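Consider the two complexes below, in which subunit A is the common component and subunit B and subunit C are the respective partners.
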Partner chain A sequence: MSAIAKTASKAKRRPSARRRREVRRAYLVLLPFFIYIALWNLVPLLYGLYLGFTEYNALGSSPKWVGLANFQTFFSVPEYGALLWRQIWMGMLALLCNTVISFLLALALNVQSRVKGIFRTAIYVPNVSAVSATTAVFVALLNPLANQGLNKIITALGGTAVTWSYSQFWMVFWIVAYFVWQRVGPAAIIWLGGLQGIDPSLYEAAKVDGASFWQQVRYITIPGLKFIAMYILLTGIIGAMQMFDVVMFISKGNPFGLTDVLMYRIYRDGFINFNLGMAGAESLVLGVVTVLFALFYLWLQRRSEDE
Partner chain B sequence: MKKPARAVTKAVWLVSMTAVSLLFAYPFLYSILGSLMLKADFGNMGTLLPIPQSVTFKNYGYVFSVDGGAAPLFNSLQRAAWYTLWTVAMSILCGYVLARYEFRGKKFFIFVIVAAQVVPSVLTLLPSYILVSRLPFLGGNNWMGQGGHGLINNKLMLFLPLGWGSLMWVFLFTQSMKSFPRAIEEAAEIDGCGFWRMMVRILLPLQGPIVAVIAINTALGNWNDWLTPFLYINNVADSTLTAWLATLTSNLQQFGDKDYPKVFALATMAVIPPFLIFLFFQKYIIQGIASAGVKG
Partner chain C sequence: MRTTRKFAALLVAMVMCLALVACAAPAKTPADSAAPTGAGNETEAPGETATPQASGEGVKLSVVMLGYNDTQIEAAKAKDGGPVNSDHYYMTNREKAEAAYPDIAFEWNDWGWAEALDQKQRAAIAANTPPSCIAGESFIPTYANSGILQEVPADVLEGIDPSFIAYGADGKPYAIAYKTSIFMLFYNKDLLSRAGLDPEVAPTTWSEWQRMSEQITAAGNGEYWGGGVPSFPHNGGALRATPFFRQLGTDFGGNDSINLSDPKVQQVLDYIRTMDKNFPAGLGNNSDEGPMWNAFEKKGEQNLAFAVNGTWQEASALRNGVNLGVAPLPLPDEGGEIGNCLVGTVYIGVPVGVSPEETSAFWDFYKNVCLSAEQLQYWIDESCVVPLTSMIEDDALYEGEGKAGLRVAIDALRAGTYSGQASFAKNDSQVWEIINQQVLARVTMTQDPIDQICQQAQAQIEPLLK
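And now, the complex of A and B:
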């Protein structure tokens, strides 16, 4: 240990020629990567700020500056507000279910057992599988015909077949179910890491002092998981506010656009209808709302820490 | 008094966790069994799982056929391998420099890495697409970027884009250098080891576990990224397996004749490589999310 400390202090007194070489090498290594990444990310980000203020229909034409017109359309046509609101509540519902279920699974996995690994694999594998591959099964199961998919089982049990895509409730249900099935694994593993990171002697001490199970949860487990919860929710908010793949594959916004979300609309306006200026404005609104949600959540967290 | 209660708890735990696991595995079993059926049989089955009357591998013949899945499958492999190499190289080089060298602007680079993680991807999705279509001198474009289609529908789009999310791995490597003894580097330098040799001969092997975390998570992420090829490439032979599946899956919603077993065969093929990687390397995958969770 002292040898390392000594070499480290020696390293501070390096000759300046060597120091200069290191500075040069640092820029030579970092700049190409960072410039390349800026070209693919920062330039589009800045261009996106401009795009939302233009009228730009079809890739071949040129964008025309229209000022705030797209945003006026966005906030005066009720449909856009409905799409944004649906993105928020469907996303938050999915995130809430995912957070609660992943926590319960983490509690269930926080035991000593030889078969634990099998269960962990089972809940994690959906997350390493492509969304475009696994949604195909859900689509097959939700076939509206009475002799297909889940309806086959329902009719065999004496029920009547459900035309899933005609019901907003069922479509939201399956979108959330798929979301949880696909994303619960990592969240559960992160919770589990948090649970195992809590010092067991705290529980021992609490037991000695006569704390009940719920008091232990309230005063040891929950405070110990604060940062973990913050990470899960923060990344979850950013993800849920941009959820559209699940909607696109499972419901296509059906019935009658009642499960349509803003992100899916951005995809259709931008990549299918080439209404690029409007899609740009929608992107900006959704991006800003997402960041605001994340900041609001951070603020709540900070405030509860101060108390 | 206490022992039977514990045995009951354990039994309840085992049964309920088995049920949960079966529920999670059900879509995979459905996909595998469905892929072994003929199209006609799939429409007439009467069971909870699509149990084939007679097993057929016809659909897998299609997955590996030249006019079927062979090209996208190969593209998927190439793409995952390319991004893995690229990200590992970037993480080691930039991560090392940021951890060990002192230079002006270091804080700025680290700020960029952290800030990039919270920018919602919706803000760059469409602008990137437009800019790629407007790249000058490419795909029939003139110097103003007009007249052609840029790199849209060009196979290069499988390999060129680099999202700033990948910078997270640079950060992870920088963090891991904190617990790496400087004495090793000093000793290597005394023996005349240069910068590049140090990267390849010392850091790559000795930082093996963290490199594995980066490599495996990058490979999985790119294999499963259906969106980029789906948006930029319109031609099955130049696309990837998961992107092609996105087209097929979204077509399942439309009216008309649907060949579920064929889609399931492709889907099963798309799931097998990540599944095998998970089975053998789950330690690294879990370490990846765990470290991202603690440090992100």
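And now, the complex of A and C:
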């Protein structure tokens, strides 16, 4: 290669001065947002991590460095392990139900109908309603008296009133039911966007070949929604591992702690008990577990793509 | 290039301005923390016709739970039937303070109650910008023992009943309550009559109460119930159970010890379990207290004969037309003593970090306005007990219609000194949560052996206290 050609090739690889200026300008435009994120997300995140290694009750004295003592407590007290495990299984149960139901709803909404706009709005509305207000309705429905709430209907139909709050099964059921009712809308709309992005000619060709509806779903729809599924599941895992408001408002961890989850414990340790050191340590453990779940899911995804 | 530089300079200037504004909050220095507690605060004894000292020029008082802000006043005026007595207390506190202290700038904060208030106060303390006073109930001992409260000046304590003073572990007074209540037994006379019981005879012992409650539940046959000791899985449960423990000379514990292995504790828990059968299932231990109070007093319901509640229940039940009876809590059949627990107490203290001028001005205002007999009368009319010994001793204040509960409370207060719920030196909320959920609620929700329940909870709590 001649010297001239080499120089030309180098010049091609190096961005021009104008390009560099544009990049700098773009970063300058983004700078306020970086600062905003650093101030409101990064600094509190790092401070929260730091608190995990301290003892601090937000009164008087400054955080006192205690090293790994909070983590030692976390791993030596069986209660914390039980809370983490409950966070995982209750969160994953809620996520599974939400994913399946939202997918089925998206399939239903993907048909041509004059009233589909109303249905789309209806399933989205719970997501923009205040959790505190809508959970209050759920709690009122779960009144244990025979002549109140759902029990009124059950007894009118000849059944026996249910003491919902005594049963772990029923409290988990209502937590999951509320979680799905509240979050199914956005997931269904995302699924729907994915469904509408699939080339219709594929379905037409499948029909010509005699494929049934479920075969079309199995061989065209599901593979076509791989990336949408990845987004929904990944954000869903993170959401499920942070599930606490529903627990707080519906069961408060009852009956006697059997529906309590780690995220609700973190909230209570942090803002009710003011054991901010322990809350920081618990947050770090939960964060690490969430990241591990997300990485495991991504690994599974990549492996299925390679195959 | 020049445009980029200009743009960058503008951005840097904006960021610096933002940073300056953000950091400009008036911070109090630790030097202020060593504030003397009311030195030179020459005020009159509370309860007398107080003449507030028109001092404090240039001082700003930022207060909590002592006066309404404009929004709260509007909300009180918009109530059906207009403001109630408690509203009048907060509204007139403000009016009187602003008239008596024209040189002081008052800030009337609405920071909520319980956890919300605790969170806001701790945030202010952590930011080194505490309000002029802090308020609270169950968390006040934690504040006092954390060294963030100033000692109450001796002259402010004059004429105050000791039950209303919050002491720290060091025995020093750190806060004074302007109102409180104790628990008593309220009953619906109509339901007693319907069950064939004499409506004028209240139970005096545990076994009498159990017998009467069971008779009412049996007669009600699913339509009305006798009721028992609430075991809500939150502090409302522990608070109402505490008097029964104290009647046997025991308690859940306190400071650095937990007492669930005490046979007397287990005896009370057994009684609570027995009495819970006289509630409809799920009512006595519901995480929402609302259905229980509705069952006792709401028009159209009123199907619960007995309720253990604070004195405020009287005014509320009478407003709802309950044919109400009030009695002291029944005592154990053998070996019992009168015991109770303060509830609905609003303690007020001054945090460390408030300047001497502000501290002095605050105690002057609190003593001469908020603790004046005229203002405290609003709380008596709301069926609450007030701290002035002169008012506690004045029989005339507790006579007449709707004062039966208050008379019971005053008699109890005259007979002894009461304290609030016990507090634990470490992880107080977490310990109470275990007691409420894993002990009280579990005792009534399951048939698990009580000694096993207590043993498991004791094992969970002990590491939290170390």
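Descriptive notes on the structure:
Note that the second predicted complex is superposed on the first by the 263 of 307 C-alpha atoms of A that agree within 3 Å, B and C clash if a C-alpha of one lies under 4 Å from a C-alpha of the other, contacts with A are read in each partner's own complex, and residues count from 1 in each chain.
One rule holds for everything that comes next: a contact is a pair of C-beta atoms (placed from the backbone, for glycine too) under 8 Å apart; a residue touches a chain by one contact, two chains touch by 3 or more.
These numbers were taken from a predicted model, which means no experiment stands behind them.
Steric overlap between subunit B and subunit C is present once the structures are superposed on subunit A.
In the superposition on chain A, contact of A:139 is made with both subunit B and subunit C. When the two structures are aligned on the shared chain, A:189 is found in touch with subunit B, with no touch to subunit C. Once the two complexes are overlaid on the shared chain, A:128 sits against subunit B while remaining clear of subunit C. With both structures placed on the common chain, the touch criterion links A:25 to subunit B and to subunit C. Of the two partners subunit B and subunit C, more residues of subunit A are touched by B. In the superposed pair of complexes, A:256 makes contact with subunit C only, with no contact to subunit B. Contacts of A:163 after superposition: subunit C is touched, whereas subunit B is not reached. By the touch criterion defined above, A:77 lies against subunit C but remains apart from subunit B after alignment on the C-alpha atoms of chain A. By the document's definition of touching, both partners, subunit B and subunit C, reach A:59.
By the touch criterion defined above, A:210 lies against neither subunit B nor subunit C after alignment on the C-alpha atoms of chain A.
Only one of the stretches 116-124, 134-142 or 278-286 belonging to subunit B has C-alpha atoms clashing with subunit C in the superposition, and it is 134-142. Common to the subunit B and subunit C interfaces on subunit A are residues 25, 59-60, 139, 148, 252, 271.
For subunit C in complex with subunit A, the residues that touch the partner chain are 1, 4, 7-8, 11, 14-15, 115, 118-119, 122-123, 125-126, 142-143, 146-148, 222, 233-234, 280-283, 285-288, 291, 295, 352, 427-430, 433, 437-438, 441-442, 445-446, 460, 463.
The touching residues of subunit A, when paired with subunit B in their complex, are 3-4, 7-8, 11, 19, 22-23, 25-27, 29-30, 33-34, 36-37, 40-41, 43-45, 47-48, 51, 59-60, 62, 105, 108, 111, 113, 115, 118-126, 128-141, 147-148, 152-153, 156, 181, 186, 189-190, 193, 227-228, 231-232, 235, 238, 241-242, 245, 248-249, 252, 263, 266, 270-271, 276, 279-280, 283-284, 286-287, 290-291, 294. By the touch criterion stated above, subunit A contacts subunit C in their complex at residues 21, 24-25, 28, 31-32, 35, 57-60, 73, 77, 79, 139, 143-146, 148, 161, 163-166, 251-257, 268-269, 271-275. Residue ranges of subunit B in contact with subunit A, taken from their complex: 13-14, 16-18, 20-22, 24-25, 27-28, 30-31, 34, 43-48, 90, 93-94, 97-98, 101-104, 106, 109, 112, 116, 118-131, 133-134, 146, 149, 160-164, 166-167, 181-183, 186, 195, 220, 223-224, 226-227, 230-231, 242-243, 245-246, 248-250, 252-253, 260, 263-264, 266-268, 270-271, 274-275, 277-279, 282, 285-286, 289-290, 293-294, 296.
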